[in-house]
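Take a look at the following structure, please.
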Amino acid sequence: MLKKIVLTGAAGALGSRLRAPLAAMCETLVSTDLAAALDGVADNETYVKADVGNAEEMMALIEGAEMVVHFGAIADEAPFEQIMHSNFMGAYNVWNAAHKHGVRRIVYASSIHAMGMYPKTTRITGDMPHRPDSFYGLSKCFAEDMGRMYWDKYGIEAVCLRIYSAPGSVANARALGSYLSYDDCVQLVQRSVDTPVVGFTVIYGVSNNDRSPVDNSAAAFLGYRPKDNAEEFAEAILAKTPKADPLDKAQMCHGGPFATVPLGVSGVQYIKKMSEGN
Amino acid sequence: MLKKIVLTGAAGALGSRLRAPLAAMCETLVSTDLAAALDGVADNETYVKADVGNAEEMMALIEGAEMVVHFGAIADEAPFEQIMHSNFMGAYNVWNAAHKHGVRRIVYASSIHAMGMYPKTTRITGDMPHRPDSFYGLSKCFAEDMGRMYWDKYGIEAVCLRIYSAPGSVANARALGSYLSYDDCVQLVQRSVDTPVVGFTVIYGVSNNDRSPVDNSAAAFLGYRPKDNAEEFAEAILAKTPKADPLDKAQMCHGGPFATVPLGVSGVQYIKKMSEGN
Amino acid sequence: MLKKIVLTGAAGALGSRLRAPLAAMCETLVSTDLAAALDGVADNETYVKADVGNAEEMMALIEGAEMVVHFGAIADEAPFEQIMHSNFMGAYNVWNAAHKHGVRRIVYASSIHAMGMYPKTTRITGDMPHRPDSFYGLSKCFAEDMGRMYWDKYGIEAVCLRIYSAPGSVANARALGSYLSYDDCVQLVQRSVDTPVVGFTVIYGVSNNDRSPVDNSAAAFLGYRPKDNAEEFAEAILAKTPKADPLDKAQMCHGGPFATVPLGVSGVQYIKKMSEGN
Amino acid sequence: MLKKIVLTGAAGALGSRLRAPLAAMCETLVSTDLAAALDGVADNETYVKADVGNAEEMMALIEGAEMVVHFGAIADEAPFEQIMHSNFMGAYNVWNAAHKHGVRRIVYASSIHAMGMYPKTTRITGDMPHRPDSFYGLSKCFAEDMGRMYWDKYGIEAVCLRIYSAPGSVANARALGSYLSYDDCVQLVQRSVDTPVVGFTVIYGVSNNDRSPVDNSAAAFLGYRPKDNAEEFAEAILAKTPKADPLDKAQMCHGGPFATVPLGVSGVQYIKKMSEGN
Amino acid sequence: MLKKIVLTGAAGALGSRLRAPLAAMCETLVSTDLAAALDGVADNETYVKADVGNAEEMMALIEGAEMVVHFGAIADEAPFEQIMHSNFMGAYNVWNAAHKHGVRRIVYASSIHAMGMYPKTTRITGDMPHRPDSFYGLSKCFAEDMGRMYWDKYGIEAVCLRIYSAPGSVANARALGSYLSYDDCVQLVQRSVDTPVVGFTVIYGVSNNDRSPVDNSAAAFLGYRPKDNAEEFAEAILAKTPKADPLDKAQMCHGGPFATVPLGVSGVQYIKKMSEGN
Amino acid sequence: MLKKIVLTGAAGALGSRLRAPLAAMCETLVSTDLAAALDGVADNETYVKADVGNAEEMMALIEGAEMVVHFGAIADEAPFEQIMHSNFMGAYNVWNAAHKHGVRRIVYASSIHAMGMYPKTTRITGDMPHRPDSFYGLSKCFAEDMGRMYWDKYGIEAVCLRIYSAPGSVANARALGSYLSYDDCVQLVQRSVDTPVVGFTVIYGVSNNDRSPVDNSAAAFLGYRPKDNAEEFAEAILAKTPKADPLDKAQMCHGGPFATVPLGVSGVQYIKKMSEGN
């Protein structure tokens, strides 16, 4: 059993579902986010309000931790300055503090958007060059490369979870392949924590969908075996899907709508699409 | 729901089993073959006698179609001139008409014989160079390359189904790996039609056989998950299989007997072997 | 010294320059083309007027040959029916006759247009899948796949020369990379003939241009070491090159203008461009 | 049904479990090992005491066999001279006798230790260069390369089973990925024997563990579908696993403790670790 | 001839040598750096003092440019905040302004330190994943990924020059392979500017050293043919090279001393080593 | 300058030419072979008669050495027992002694025959699996795998020189590609010794032949740039080369005659062929 885990982004859609499972894997869980407080704090859990973009706060929080599960960030495309603060500087603050305090491993919520400009007809793996589709995706590339560097130079392990669709409902045809259920997301984090050695590993966060468009075979040693499958929604979803245009990057690329949304923009229309399964 | 699908080869062993499932996916199904008439024509199905090797007939049939499911061809090795008419010119007529009429996608019955000279110990994928084993296989190479060109130049999508064994019984040891059940073949065509975007994709048509010798992972986004498995017949089949000779290309190559049958020849002996599962 | 070589396309721009070098490598050179007669026939050379698209004429010519150097074909995009006759049927007639008469090797004038839709930023090799840009290029794919089959099944060797730019002047920026001088073309054919064993080999026909965009390393055993280099024309050519558009396939793809010319069309405008270096 | 199979190492932990299944696949099973006698000899089984390191004994035993299942060897790291006798010379004696007597196929108990120095974060396949971790592993490299040579030169088939963990209990975290159950080991040998043609094939011997760290896809045509899964022991095993050190090769490399044990040494401490699942 | 080129870092060791060659390739060259003024300003050159880390200054400078040659940055490891300002924000400011102003291409001074943690026994290419060795190298990864994104989304071309050794003297054994002469650096920038289409291209900046440890073949279409060769210094350099330790990352990795220098540190000792050829 | 180098096989055709160049690179050169004495011993050279197959003699000789240049072995196919003694045990004795005595690097005369069964149409690299053609070639596979292990476990460096043709005259068509001149062989050993760090590296020993059939690019950091070229003999050699048969492995495989010579046999006829250029 681990002594201390730090969970950032603990108030988010994913983070809030990771609190209980992580609390069961360590003596002390320190949860953090921008919210003032969280409900249902476990006996061995402490909540600390903090900003991942604030170096001092991160340095203090991470002291004594064995692992950091870093899910705290803007989870959408946004102006560069905002992404810079929360996603770039947030990731830097976590790795820098981890190094200073001898943290053993970071489990990082990366994203498909680090690879979003690849066409779907290219099956993407964990060791192909980045092709980000947004400032958001670019911040994930940055953190992955930084994680690789801290592993190469200092032996700090990292598992980068390229989460495909933000978990939730299966709202469109893209999600038939990209869906990640909450249960599978929890399993993915559990395996990332309990596997004895992981080095530097990249794995896609998708459920066991019939139409999954990614290749996780190189990370099979983690033992991630997703249970859910979006195919049960296929008939209903496809019946209402408008005719596709294969020359539209939003439909052909792994990144979905992010492949065509203007950089830095997260307007209502795009946000709505994204909320349906990107 | 699609407006109009054209199915060629509708009277064939495979084509006849595709009529009902395709009719359920579109407003109008136009079926065609060389037969004078077909039984059991669905309400939204029209049968038209035509020759795929006849350019004018194909041009007329395909007008207004969104997709063409092109299964019409000689399904055996035959003299070059016959293959040229039905398979080469047939495929050209389909793509040419599709281009003229703005068809969105062609689902094409390619064949393992486009890759038949690879040894079985080489696991073949969808992006290795062709190695045909017959004029028949060569015509499949031609159509695949043509499909790639129409996609690259004009954005006409194509799914090339490299059907391994012609569906039917599991008659010999080769079929333990190469078997494609009718149900799985239908599923494969359904996925090729209902997937919103496919670009240019190659996928092998095999069931979920324990001994399947091909790699479909790059086309996984199609969601083809075969259900049948020839292994139930393994014990009986192997018990009557004569001792193999690994230096015999007919036994070592993916193409099976086609790897050694003389070009252009389809004698009784070879036909009989082929009917057992190539 | 070889007993008999057959050269098709002997009256063409390339073929006419191959006659003397090939005559020096064999006891008897049989040259053929559509022209009524050729000038400067060597002592050991016989000219026979014939059409590569005519099976009987090819069967008669090739009898007794050890090698066929097959350069006879339409060297431009043209309506499918024309390409079918001269390029598809021409190649079939040559290989079929070679098989019937026990010819040992075919040296084949393939073309970059078998790979023309690849972007220039992809360095193309001899073992990547075809991506033709025209009916002309598609006929080269067909002949290469057929050559592979005759090698796999019958042991007939083939060297496929993917000639990049038709030799001649360096007329545009594309030719700075794609130029093939006549001397280098001759050397390429000589090596294809004098190398003792070649199996089935694909090699690009380009000179030693600084800006050569292809990879011939896999065929290095042939010993082709081009001597000429288009770079001497770079300054003059680039000074008059209009601003490029990287989203224009005609400028970004290996096939150059062929990547955008409509299929089957060879209008004056395109022919003029092609004559300048495709 | 095969006429005669020879099984070496018939008294070993694995070999003893192969006797009955192999006896069921042939008219005559000849079992051999260093033991004086074996219990439970089948009606069509003959036991012969012999040393695989003794050329004459192997030559006599193998006469008339169609296949040899070669499991006889020191199954641990040991001084070079001992490995030389039993593992190097043993393998040579088997292949040499097989060649002299026209044996069709050898099923060989290779080992993960032929690849033991690869880090676990590299998913290993059957066609990557060897990286042995011990004299023991080096002897497996030798036999695999020799098997390849006899296939290339003489057409003698071979299936090299890179057994990961010696079957038995799941005793440590490494075994969660590397476990091979006895039943799955038997199935693996059965498929290696009953598949009509195998050429030269390498396959990893692991069960269907969630955390399996190897890639057997290239050998899928053998139809090996393991049934057991070490994951049922994961919770208990991981609870008692000490904190891992990713910079310790014994924890990071596929070979486990063999990656750090001094060459030639098999002290009590190391043997104990090995017996727990390497 | 180009209308306007902007050169950043114009006062640096490399930038100062690029001014005259670039001035010869355009109607107007705008040079910029932190220096108050530059000597020897050409007739068609304008010098503007500006900070690449200042968004407004970059936005103003780049207006109307066809290309930006971006060499302005801290050329050493430094504390993260400094690298963030000059290298991360500098690169972002350049691409963002380029996008706003319709710039066609950016030629970017990337660095070997984006790949510095690869061992020298791995021949690195332009399409392998990043393995940075420093904050400095990480900033190059960021800019390359950003350049890829602007190409994928907006068609802005980029050539990323992974400069190996900063040009100058050949001071140590590493430089025998990594040396880039000033002349070759100028040629590399010239080819990056005059090649009509480049898409997104990565190329290593090394001279024609016998011991060059990188692979530029994929970018050969640029026509970069270096002329200088560090081998003339080999005998003298090697005679004074202390015994190497292959387990020392500073000696084994492509990044040289950067592979072991602590992140963010640029002390005198390290600077001195760096000045000798990293 | 190195303190002590040990050269085995010092009386052989290659070894005798390495003595003077190696003596110039170290304070003390210890040369050894089976001969009673050598002529022309340098001032800093000591000759010791010894058998590489004798463990004690090797252990004594190697004490105090920084590097061993191991060329001593049977340089021909021979009965397994002879190869076992001189080539297998010889290599083991060298690496074992090197480990015991802290030797830093071994430069090893491997051979093309470790890869001899690959067809020439496959361009072979340093990281493809072995395909030996003889017991002789198998002993080279063994030593390479052992060298990899000592590097992985103990950090002992190795450069494996896969010498293609034994240097000497260019006697046949195969040698036009495979020729290695004495001068180039010396350069290859010099670079293998003077390169500061080499890890574990495999490189082919061929001259700068136009028809060189191997790929050394991965080992380019060694700086081996051969000067000689067998092409000057091409015309004469090819004029007397009998008609080749591409289905004859002796002509099609990299190993040449070794690909078909029976294992263990070195009859007069084969020896004569080998002496002409294998």
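Assorted remarks:
Going in written order, the chains are labelled A, B, C, D, E and F, and every chain counts its residues from 1.
By definition in this document, a contact is a pair of C-beta atoms (placed from the backbone, for glycine too) under 8 Å apart; a residue touches a chain by one contact, two chains touch by 3 or more.
Protein identities per chain, from UniProt: A, B, C, D, E, F = 3-beta hydroxysteroid dehydrogenase.
This structure is a prediction, so every number in the text was calculated from the model and none was measured.
In terms of the stated touch criterion, chain D and chain F have no partners in common. Where chain A touches chain E, the two copies mostly use the same residue numbers: shared numbers make up over half of all numbers in play. Annotation: B-C is the more contact-rich of the chain pairs B-C and A-B, by number of C-beta pairs in contact.
With angles rounded to a multiple of 5, the C-alpha fit of chain A against chain D returns 120 degrees of rotation. One finds 52 Å separating the Cα centroids of chain C and chain D. Chain centres here are Cα means. That of chain C falls 40 Å from that of chain F.
Shown for chain B are the residues in touch with two or more other chains, namely 217.
Here, these are the chain pairs in contact: A-B, A-D, A-E, B-C, B-D, C-E, C-F, D-F, E-F.
Listed in rising order, the residues of chain F touching chain C in the complex are 119-121, 123, 173, 176-177, 209-213, 215, 217, 231, 234, 238-239, 241, 243-247, 251-252.
Within the complex formed with chain F, the residues of chain D that make contact are 80, 88, 92, 96, 99, 117, 127-134, 137-138, 141-142, 145-146, 148-149, 152-153, 259-260, 263.
Note for the complex: chain E touches chain C at residues 1, 104, 155, 157, 194-201, 217-218, 220-225.
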